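Listed below are the structures to be examined.
Both of the next two complexes hold chain A, though its partner changes from chain B to chain C.
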Partner chain A sequence: MKAVETDVLIIGAGPAGLAAAFETASRGLDVTVIDESLSLGGQLIQQTQNLSSLPSDLSPMRGFELAAHLIKQIEEYDIRYLLGHRVIGFYQDGTIGITDEVDVFPVKTKKMIVATGAAENAVAFPKWTLPGVLTIGAAQTLINRDFVKPGNDAVIVGSSDFAMDVALQLSEVGVQVKGIVEKSTGVLSRNTEKVKQVNKIGIPIYVDSSIVEARGMGAVEEIVIKQEDRVFTEKADLVCIDGGRSPILDIFYQLGTSFGFQKELGGWVPQYNKDFQTDCKDVFLAGNAAGVSTQGALVLTGRLAGMNVCEALGAVSKETAAVEKKGLWKELEIVETKYNLDIWHARNRHVDNFTHPVLKDQFIS
Partner chain B sequence: MDKSTIICRCEEISLEEIEKVISNGARTFDDIKRLTRCGMGPCQSKICNCLVAAAINEKTGTPFHEIPLPRMRMPISPIKLDTLATNSTTFSSVKSVLDEVELEDGKVR
Partner chain C sequence: MHIKHHPVLGKKLQNPVTIYFNDQPYTAYEQQTVAAALMANDIKRLGSSRNLVQPRGLFCTRGRCCSCYATVNGENHVRTCMTRVEDGMKIYPNDEDPEVRGESCGD
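Up next is the complex of A and B:
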């Protein structure tokens, strides 16, 4: 048994968690980072697309390069890494139960930064449970991390920026992308450059369309698409579902934080204030868990949460923290308004709601 | 959407079954869970949560911000009982009913 006591526990080692680890560890705090994966970087490690809206101190780079940068930044600090570990729950006295899959042991921390990220949402249609139907993120993981070609003929359901990225990446590894099916009347991706590239390599985008059903014996073989009054069938052994993403909330729910609903941030989001602090005063949050956004914003929210924890634990002076936080919020505004103004507005509404009386314990049933 | 569409893949619950309990008065994910086993499989509603919320919204018109989240209990993700029990003598991850009983002079207080 290896009971741990630490100043800061960071749950999740993606862009937000790593950025928070740098802020806190570089100011002399005792930091512990836990992630269920065996490697640092979270989803960044399979992102080969170029990330354009990054903070001003970072030049445009690809996802895995950003992961490498954030990891290098914290190399010199003595951080305790609990990789391949999971949080299983919380005890009444605030102790956190952590498992290494062999044993469960307690962790006690002064402050916690929860950066658990977001999960992909499902899109259901008849026979979507057939093998060959996966989420768009799973398809990207297979080609970029595992070097496995998940199929020969693909249809993508949904047209976000991420869907465009993966459509291009699938094409690059020799998967024939037969089409992108979008139920809205227009393409959701705001990155016109990427949509142009998708058009250029001849991938048709069907808007105002939906999947009627998947067909196949034991695995998906063809997919029936409905566009207005036209119904047609495409041969496909791979269907990638892009239903958007929502914050992962289990840990917040167990901790008893309040939640607010912001559609643009991915639905239910834990309530937090301008300091990225929840209504459990020792619990801070960062990254997609605080509202689904772009990688640059994830890094910035990680830095903000880290800075606030430093201030709370006396590792930086109030004055320094105030200046730093002001700069980070300004930077977040620039990155997020450039990426998607709706997300920036939703984040501000959400933060404003914190000071209004929020409905507490609304989910206890 | 076709009524036969599976919504909860772990427990194989179809849209038809979910709509039926909604028409019988179910209004939250947990209502539907208790009546159909939807969300009680290995993924613990991580996949069907948003699909069920959409079904409630579609059928009753309840806006999404009034449809509460499903209850998320410990353990947060599946864990072997052997692991959960731990081999520690100083730390117990599982609370026994007896842990909550307070004794006084050998009797339950």
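Up next is the complex of A and C:
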């Protein structure tokens, strides 16, 4: 492969990156999309549940269907795809270093949209490193993307919406979910409908409970649960950790953007303004990298970042951009407040803090 | 176990291939990652930690935790969750430090 020069480099081909690709490519910009996985769609690929709260122009659909829709939308444009490629660093002059895992190539771009998504957080307990203990997203990926049943008897640690979805999906492929263990005093999922379904198929939810330890020779075989004063052991060859998600920040560290902390957005988030622009002026961001939210909101942040890049590169007039951006922010408000008001408020606080970053030029870990 | 009929996505596993783990043959399907295919065959321990020699295996499926390292077709420290299976692939667990390229390789 030779060196690449492009107008817009989009890092990450999930819902946010794909939406940004449409905004920019459909307005005539030269767009390059890079993703380290081998297919487009990001984390939507393994999401079989129906998505609620999508933008008004999209009808309700399942996660993988949204991926297919966003991919179809950009089919007609001449976008450069670098799949199986990873951004690993930046040269002093701003050139981006990418690798196909064999060689390293330079990419020069006028603007960059970082849409690298979020990573799942671990919840540690004794022997949590035993094989068979997976993140809950990993379990979902195995059943819905690789078509592999990761075990027969599962215990889920954590009770978010995501845990409810995957509990149901695991049951559908014949995994017996023995229980959901939640350390808080109540179920975290706000989706009462899903919780009802989980109850209905007989999956017990243990609140105010924790994992004492996992046990097994070479892989997990049983798990010890503590519920108030009761300690009991479940046979389990699959333990799924639902520890929430946090934005992936690697690229922002390397670029030297500043960060702010917003618990509701997943922790440390790169600082950005209303244009989804970081304090490195050529670097924009979108999706879960800009704060963990729901799929509909992620698509909208991708559109917003794309629109701002179009404006910055003169592909749309200032007037058109102003109208479009206003509409997109309005819609983001509708979608995000419907899903979770706290996230919307945290996003606004975060944007307001743009001029007062908490952390600058430091490595957070 | 391979999921032959997925309740939402249908019958997706079409083209079987053979992969080898510790020289034993196992069935996998094109499109699956190495770590997933091994898990379908009930192989979960992909290596061991150096210090306390604890078993290690698939954890995140997205290339971030490096818990799924194995030796694939002679290459050490391959993230098996990010690598797709190929017919005849030879996989060995990651139980030792890799051979780092030495002077003989020029770097």
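The criterion applied here is as follows: the second predicted complex is superposed on the first by the 356 of 365 C-alpha atoms of A that agree within 3 Å, B and C clash if a C-alpha of one lies under 4 Å from a C-alpha of the other, contacts with A are read in each partner's own complex, and residues count from 1 in each chain.
Assume a contact is a pair of C-beta atoms (placed from the backbone, for glycine too) under 8 Å apart; a residue touches a chain by one contact, two chains touch by 3 or more.
All figures in this text were calculated on a predicted structure; none of them were measured in a lab.
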Quiz item: Put the two structures on top of each other at chain A: do chain B and chain C fit, or clash?
Solution: fit
Quiz item: Who wins on chain A residues touched, chain B or chain C?
Solution: B
Exercise. For A:P106, select first, second, both or neither according to whether it touches chain B, chain C, the two together, or no partner.
Key: first
Exercise. For A:T48, decide between first (touching chain B), second (touching chain C), both and neither.
Key: second
Quiz item: Who does A:F232 touch here: chain B (first), chain C (second), both, or neither?
Solution: neither
Quiz item: Once the shared chain is lined up, is A:K263 touching chain B (first), chain C (second), both, or neither of them?
Solution: first
Practice problem: Considering only touches as defined above, state whether A:P126 meets chain B (first), chain C (second), both or neither. | Solution: first
Exercise. For the combined overlay, can you note the least CA distance between chain B and chain C, rounded to whole Å?
Key: 5
Quiz item: Following superposition on chain A, which residues of chain A contact chain B and also contact chain C?
Solution: 119, 129
Quiz prompt | Contact footprint of chain A on chain C as seen in their complex | solution = 1-4, 6-9, 12-13, 29, 31-33, 36-37, 39-40, 44-46, 49, 54-64, 67, 82, 84
Quiz item: How about chain A: which of its residues touch chain B in the complex?
Solution: 1, 3, 86-90, 97, 99, 101-106, 119, 121-122, 124-126, 128-129, 213, 243, 246, 249-251, 253-254, 259, 261, 263, 267-268, 362-365
Exercise. State the interface residues of chain B toward chain A in the complex, per the touch definition above.
Key: 1-2, 4-7, 9, 15, 28, 30, 46-48, 50-51, 64-65, 68-69, 71-77, 79-80, 83-84, 86-88, 90-91, 93
Quiz item: If you look only at chain A, which of its residues touch chain C in the complex?
Solution: 36-38, 48, 62, 64, 119-120, 129-135, 137-138, 141-144, 146-150, 172-173, 218-219, 248
